[in-house]
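What follows is a short report on a single structure.
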Amino acid sequence: MRKKEKKGFWIQIVFIALMLVVWETAARLRLFGPRSEIIFPPLEAIGRAFVLNFAKGYGGVSLWRYIGNSMKLLGEGLLIGIILALILSGACMVSVSFRRIYSLVIAVMDLLPGVAMLPVVIIIFGISPGVIVFLVVHSVLWPMSRNVLDGFLAVPRIYVEAGKNIGLRGISLLLGVYLPASVTYVISGLKVGWARAWRGLISAEMIFGIASCPGIGLYINQMRVNLNNAEMYATLLVIIIIGLIVQYGILVPIENRTVKKWGMSR
Amino acid sequence: MTEKQNCILRIDNLIKIFDDAETEDTILKGLNLTVQRGEFMCILGPSGCGKTTFLRCIAGFEEFDGQIYVDGHKCSVPGTDRIMVFQDFNQLFPWKTVEQNIQYPLKLQGLRDKDELRRISEESLIKVKLQGYERYYPHQLSGGMKQRVAIAKALALKPALILMDEPFAALDAMTRSELQEEVLRISEQEGSTVIFVTHNIEEAITLGTRILVFQKGGQVVFDEKNPIKRPVTPLAENYGAIWEKLHRALHSEDGG
Amino acid sequence: MNKMSAGLLGLSLLMCIGGCGIRNQNTVSNEQKSLNIAYQYGLAYTPAIVAKEKGLIEEAYKEATGKEVSVTWIQMNSGADINTGIASGDLNVGFMGAAPAITGVVKDVGYKVFTNLSGQEHSLMTNEDDVRSLKDLVGSSHQIALVNIGSIQHIILAKALSESGLDPHALDSNIVAMKHPDGMAALETGNIACHLTSSPYTYMERSSGSFYELDEVSKAWSADDSFIVGVAATSLYEEDPELYKALCDGIRTAMEYMDTHMGEVAEMTCELDGNTKEDELKYLESGSYTAETNSLFELARFMSDAGFIDTMPDSYEDLVFDNVLGD
């Protein structure tokens, strides 16, 4: 088992190295047109831009501040989205009519790309970072609700009965049995929801840039407008790194401490 | 008078009808029964006779017509005075350790003292011979061990009634007889009142102080005290005779 | 199993590289000449749209050489996208705001300006009673909607600030990037305090009568100053002067056509822009459509001074091909 994991790890490393070689070769051979170096910079330029993003930034503002703003809005949105998903899915277990309605709402809303709703959202929320928070909530709420609801509905009857038997009712039953029993669903909802929220946040920031609360998406846009493509790729790298940190630094440990520890993997 | 005080469970005209849109199935048609404190009542019956439904009605998991009184109180919803031990090994919460599974219901009842909680869980684990497994998660235990924890969890609550729904049916023969001995010993030591549903005649004779046989519709076709003195072995006097009787009662439907 | 996956990986990499290589060959040697032109949406691009609809570039080329050229028009969303397209060699020609064009020249994307396309009126409108000049905005939390950070509208704002004796970046953190119609809607609903926009939105907002115009902006950059320009790849200019000339002639013919047939042009474009014919005609007549640039070098110098670009072009001739007149 250990050995296999180690081997898988090395295969991934080799793959990444290979992709970097391909990138560098394509950049050095200037495969992308007459001004290939502008739109497809070599790794060294991207590396330098990576450092410059943090050291110098744009207009005297380091990328750190952009990241900070984005993460703050993301955190707020995720928190609201997750709590709302739990409350609304919980309400579905109380009322069948509500469940019918909410399932429909999930099915409909999940199809709508957040950025397409920007004009409406702006009318409701005004021009404020609240719009971005709303879009993060929108991207996390529906997949999370769908998963949590599926999880609640799939809770084995025996847990529910055992819970009722020891005196759990209503909300205490929801928190004491339904929620922990559907933890696998909740976590997969978190994974999907987080990834969508992260992407949604950046695309929203790229379209709707608030200069007083500049985020990573705005930074990418500025780099793009100024044809600083190396800086832009370096920022994409930052996005990937943050994504990986969340995945392996937060989600995987949560999974290890719950699903894996409790022997509940699906 | 003493008879009435000793009565821990009284069932008056219990009727249970399952009705889906298409079919209407009467599982229990007007069942009357009383159980005395300290009795170990085994219920035998062919599948579909309503013995499990009967138990679930007492536990409060089903809606029903008629009255069920436990210790003189009318019951219709689940309560900690009647704890169910299911056949399914997965009745423990997998997200709680053995100890937490036992302590959780006590905490829900308002017991907050940590030392007291630990004392009770340790004590009940000793009763089922599982001391040392406090910190294990259910998925790390075998089926037999899980059933022991479920029993320990029931004991810790000191319920008026322990309801057991074929708890050993899915165990291998050796583990089953081991657990039967444990349950017998514990019930004698604790003086618990147990209603034990099984389809196994030997199990009923081994455990029961009183044995019932159900037929279709929850009809009680046999209800007698177990004449054999404990510990029961197949070599005991009357064993063959009582086995014969139960066997006939069980298959009376086929004969008639 | 492992060999197979390694093989698959190798194969896909090869296809990747091979694909890139092949893609770039079609522009150089071809039996029939082709020209890929990117334009954007809106009133300011009307000469390009006239040339497209009437096939004026094809016509000019045929007249001069007797040969056919196939022109592909691609509508794109921003100057940044067009810059990338030209750098990759997929596009030969693009129409974009003067600011991204200057950025592209300075960054050596490989093009220069081959014509001016239009100048339009720009305006900064506010719905706040206490805002009567740019000074009132500096240091306030009032937000200003404009189409994008680093866009020509952003630079016009900086220029207006600078001409009022203020820091050109004093209002940078008040900016909210929004598309023109969204910005107008936000101004109307009061979701935003100010909107810096260009024709025709300028007229729509003026005619509503409920906003106050801060005229520092309209003075800083007028309809006579270059707003939209056309850029052409240096390779086109050097390697195919005939086609390059046909391109310039086609656009000039389009502008002449607009001068003489404005009503007809309005009819052609009003539907595209979603205006009535009368409005479209009014908007078109307020713009300036000439091939001569105006204040382009001044704009470049300002962008460099204010730090929007890192390097300063040495002269006007660095920005434009030698056939272009103006300053």
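Chains: A, B and C, in written order; residue numbering restarts at 1 for each.
Simple rule for what comes next: a contact is a pair of C-beta atoms (placed from the backbone, for glycine too) under 8 Å apart; a residue touches a chain by one contact, two chains touch by 3 or more.
Everything quoted here is computed from the prediction, not taken from an experiment.
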Going by C-alpha centroids, which chain is farthest from chain C? Tell me that one. B
If you count the contact pairs for each chain pair, which pair has the most? A-C
Give, as an integer number of Å, the spacing between the C-alpha centres of chain C and chain B. 82
I'd like to verify one number: the distance from the centre of chain A to the centre of chain B, where each centre is the average of its C-alpha atoms, in whole angstrom. 49
From the mean C-alpha coordinate of chain A to that of chain C, what's the distance rounded to whole Å? 35
Residues of chain A touching chain B in their complex? 156, 158-159, 161-162, 164-168, 172, 176-177, 180-181, 183, 258, 261-264
Interface with chain A, chain C side, in the complex: residues 9, 13, 16-17, 20-21, 24, 78-80, 83-84, 86-90, 100, 103-104, 107-110, 141, 143, 145, 148-151, 169, 172-178, 182, 185-186, 189, 191-192, 233, 235, 307-309
Could you pull out which chain B residues touch chain A in their complex? 59-61, 77-80, 82-84, 86, 88, 90-95, 104-105, 108-109, 137-140, 157
Residue numbers of chain A touching chain C in their complex, please. 15, 18, 22, 25-26, 31-36, 38-39, 59, 118-119, 122-123, 126-127, 207-212, 218, 221-222, 224-227, 229
